[in-house]
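What follows is a pair of complexes built around subunit A, which joins subunit B in one and subunit C in the other.
So, the complex of A and B:
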């Protein structure tokens, strides 16, 4: 009997060593524990003001809720993830800013008022988390994309408009706007169909940034990144792929610094 | 849980009569404005943020816009009956399809409600969605409210109602169809939401160049007084100047923001000039406008990139 008790205590002890102490969520999300376990399964989690999450208090349009994340105050950022806790599909995107500043702008669909958590993983494995609550009217994820109201949306798939400019001597600012319905699969009769990969490379073929996108990214994804660049004119190469295997590749020229 | 739903407006424990205390201001001879607050919809104001008006004409009463809900429409109707006792309502005009201007239609005889066909179409298309959102914002204030589209489609330049001539102007810019009415006897111009005064203009369906053009048209119309959709009545076209100034600033600022690759969130932080500080809810409306106007500006200002598929 004693031996069994000792065994139980020992097992519990091991379990305690492995379990993380999850910090209380300042947003008081009812889904926080589950979100943390599912999307940030390993590593310490800390809420950190160095992660700046810009979001409106209220979503003027539940199909296009703008979010900008600035984690440039943190060193050695490996990954940035965004989660809309109360969406039927919570994970929005994951960004790995390899040769870009730890920064991303994007828009997401909200199914209802929800906490948005942003986790930023640094090289030591720690998740630095921040977020915001966005009030929203319902239905952002379950209504058909606006593209389905047009007869020619297949023809315009992948059409791209973009801005590339210089923010400083050492980094560019680029905003990409690509035509894609980003179907979640939750609107009646419309299967999931969305852009799920985006890679930016420099002229030498080195990866600048990688983004995995999921269903909640808004229709016609509009993404802002800040690639690190030299002071001379340079060409970045963007490759995207959707869940049907369509690929869309395009170059983007960053002008030389005016001070050259 | 059944006994108290927790919201300030409907818990049994804190039951409160939701009642609009509407009052009519006589802005011209036998012409009354019911002036809303220069706020955004909230549980406290119940949606009373809009101007509506009514006019005693020789044989009855003409109503311009009906407010945000059935409850408001009922209160408006009772205010009209108190102010102009014993006179029948002969005509109800809707200036455009935004919910604060027409969701009180149910309180009036549908056969008397008139608007341009495009306003009727917009109400038919978007009315349900607006009503849903208004319930979300205003809760029990909206009880019983259903969208009622006007039944009379107008296209004439003039209409005589109950012995009074009205000039009708078919404009656009605030929405795809903005209807403006002038009482030719008093010279009062009911400008709807093409004109705002001391309240930030709203832009969910705005077309900036069209709106600018409509402001010029409104300035050129002979009038004694202008009633904007939001804000006090205006004898000096101040609402037109102020609305134009704000729209020009908004369009220029957002074009510059898009043109330098700012995200919507970054654009929302840009400073608002001091001269617009007196406009009610200007920061909120500016932030809403960023979301409304950014996508089209991106589509027009960003160059097309050749894509290899």
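So, the complex of A and C:
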């Protein structure tokens, strides 16, 4: 009986989603409708120039395609998601900026030439979408990580290089790179194994920003965020976790504004 | 990971999505009481061994000697990929879901009604793991909303039973030093700490030190640890607790530092004595001339107080082992009727070929009976259960040879793979017999010099294994523990390497390397039913009841230590093909009463 009820609810849910009309995709992605239904299942969708997506026209290295998203022109941003439409695993990451500017820089793996869609959800539930097409040679997601050429890659897991500086009187800019193979599970014989959570907190334990990462984030994840800070010196606390439950934590000091 | 994608991809896979929702609608919550009562509840299997005592006895009797002929497969589930090798796992069952582990540290949740996968977890293993004897896993543990299992890189991992996602993962040992883990974890109740999850360790061929560890199931926090080798310190709540034994009492010099005694088969628990029973493996190295003394507690059974991790008692089956009689074998608590009295007993069928009955409250020796033929290393046991060694059949000291490189070779029975190896026996509350999967084989064995090197094999011995009889090696025996009498024997051409199940319906079930799951009459040994699964069986069958019907399941896939170490025995097993799947059986509707 329970199963039947659940079945009805599930069918109705799908019917609702499919009833929504989607705006045409300026990038003309063949996957657009499917991507929108799958990753932005609720809320109005608008294409919006206030979401700036900076990406190379052509990927010099399909394992590391740098993407920068600047949605600071929008107010009340709740979430930023990035989708590589034609990747075998499309969802790249989801950022909840909370006490950070609506800005994120990262690198992704690209399996082939693909539209990159970025959805920015504001407090009213509307998805503000923009994107870019990146030209690429094949194979970014299904090749083994470069780390697997070394037998001791597990010893260096989580090794971190990170930097935080002050960008303005009211915000810092932090960049980090952590050693991790970010295995997609698509290379033969290598199960999925990737860093999937990153949280930045302030000195009082308040969440500044949260990121959910997925398989397409590049090996040795490289991320940039812009936390809001006061004028005094302060310490940001970064903690990350991977799909095997390994955790890596480190502090980052932001200098006082007098030293700007 | 896989499940999440399945759920998100609703457009194409409505059926899978619904299966997922229906199981998560009743969130899993397994209590410690349910685990302690596992043996009496037929609807689920919440522990390795069908109950904490691991008797492998089911009270179900719907399947019986008359209708077993109608047992047919319902579904078969492939573990997939190229990662086959030995499958020694026993599944767990709860709320219509099967949790089963496989080779290379993988685990699946399967919807039993449909045979469809709910999720899969693949441990990301590092390069350079050192499992001595195949990449097996023997099963999981379950408590609350989590499932737990050990991985080949010597970690224990707690997964969300609904999704397969990692909740925590803790290190049991350093895989680069040879530690690994293959046994099912054991869950026990304690008054001081609540339920704890107990693990042993593997790596006896690499000079590791055996240890039992107890962790908090919610966090993985270590509560206590107990090394098995004298001289090493135990811990309780982060502090040193007590030393195991007395340093150098039965070990010379610093040989105890790499003394072996791996607890690689896990343990059992008796709710009456509140003791956890762990078997300990062979001393390291194999060359016994390098370590004069009894070498405690190697090749022993130790009873551990689960509140503190202190050893309540120990019983050494092979003191100063020189044959790799790696006596980790499971210790099964049972109540024995003897001379009109009920004895709180426990039994274990050792690698060394003797079936021991001990008082499980204090470890006192009751009896030891050979369960394989032609035992040559000992002439028998004294009144305390200490072996009467035959000095002619201990391999010679290499320092006495002309070049000092190879001692005199001897022929010993049983072989180092044991009268019984890892494969668990069963105890029937119906017949009061033990059903022991055993092997009739011996070995040429000689000693060589060796020194310890981290991560390298630490044996100091060479060997070849030989069958004793022309027509069979495997031997399933029904033994009366009170008299030592063998009631019946089933002979199998290839060595038996799978566990045994017995039921109130009068059945004894086990699998063979030739690929058959077989059912026998528990009183006569008559073969009543068999089914060819297409690859060798080296795992333990289970049975449970679901929606009013009795099910049977077995994991299949040839492998384990025999094809890796088997010597001359390889002739009878070399043609066997690998696999990796789980088969589920029941009697088709309408045939149960036939």
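One rule holds in what follows: the second predicted complex is superposed on the first by the 240 of 260 C-alpha atoms of A that agree within 3 Å, B and C clash if a C-alpha of one lies under 4 Å from a C-alpha of the other, contacts with A are read in each partner's own complex, and residues count from 1 in each chain.
In the analysis below, a contact is a pair of C-beta atoms (placed from the backbone, for glycine too) under 8 Å apart; a residue touches a chain by one contact, two chains touch by 3 or more.
Quick caveat: nothing in here was measured; it's all calculated off a predicted structure.
Engineer: For A:224, decide between first (touching subunit B), second (touching subunit C), both and neither.
Structural biologist: Touch status of A:224: first partner only.
Engineer: Which partner does A:183 reach: the first (subunit B), the second (subunit C), both, or neither?
Structural biologist: second
Engineer: Looking at the overlay, does A:191 come into contact with subunit B only (first), subunit C only (second), both, or neither?
Structural biologist: second
Engineer: Looking at subunit A, which partner touches more of its residues: subunit C or subunit B?
Structural biologist: Between subunit B and subunit C, the winner on subunit A residue contacts is B.
Engineer: For A:154, using the defined touch cut-off, is the partner it touches subunit B, subunit C, both, or neither? Pick first, second, both or neither.
Structural biologist: The answer is second: A:154 touches subunit C but not subunit B.
Engineer: Between subunit B and subunit C, whom does A:246 touch in the aligned arrangement: first, second, both, or neither?
Structural biologist: both
Engineer: Should A:37 be classified as contacting the first partner (subunit B), the second (subunit C), both, or neither?
Structural biologist: Second partner only, subunit C.
Engineer: With the two structures laid over each other on chain A, which partner does A:61 touch: subunit B (first), subunit C (second), both, or neither?
Structural biologist: first
Engineer: Which subunit A residues lie in the overlap of the subunit B contact set and the subunit C contact set?
Structural biologist: Subunit A residues touching both partners: 246.
Engineer: For the complex, give me every residue of subunit A touching subunit C.
Structural biologist: On the subunit A side, the touching residues are 2-3, 6-7, 10-11, 13-14, 34, 37-38, 89, 148, 151, 153-154, 183, 185, 188-193, 243-246.
Engineer: Going by the contact rule at the top, pick out the subunit C residues touching subunit A in the complex.
Structural biologist: 1, 5, 8-11, 14, 17-18, 21-22, 25, 81-83, 122-124, 126-128, 157-158, 165-169
Engineer: Using the touch definition up top, name the residues of subunit B that touch subunit A in the complex.
Structural biologist: Listed in rising order, the residues of subunit B that touch subunit A are 132-133, 136, 204, 258-261, 263-266, 268-269, 287-288, 290-292, 295, 298-299, 301-309.
Engineer: What does subunit A use to touch subunit B in their complex?
Structural biologist: It comes out as residues 54-56, 60-61, 64, 66-68, 105, 107, 137-138, 158-165, 173-175, 177, 220, 222, 224, 246-252.
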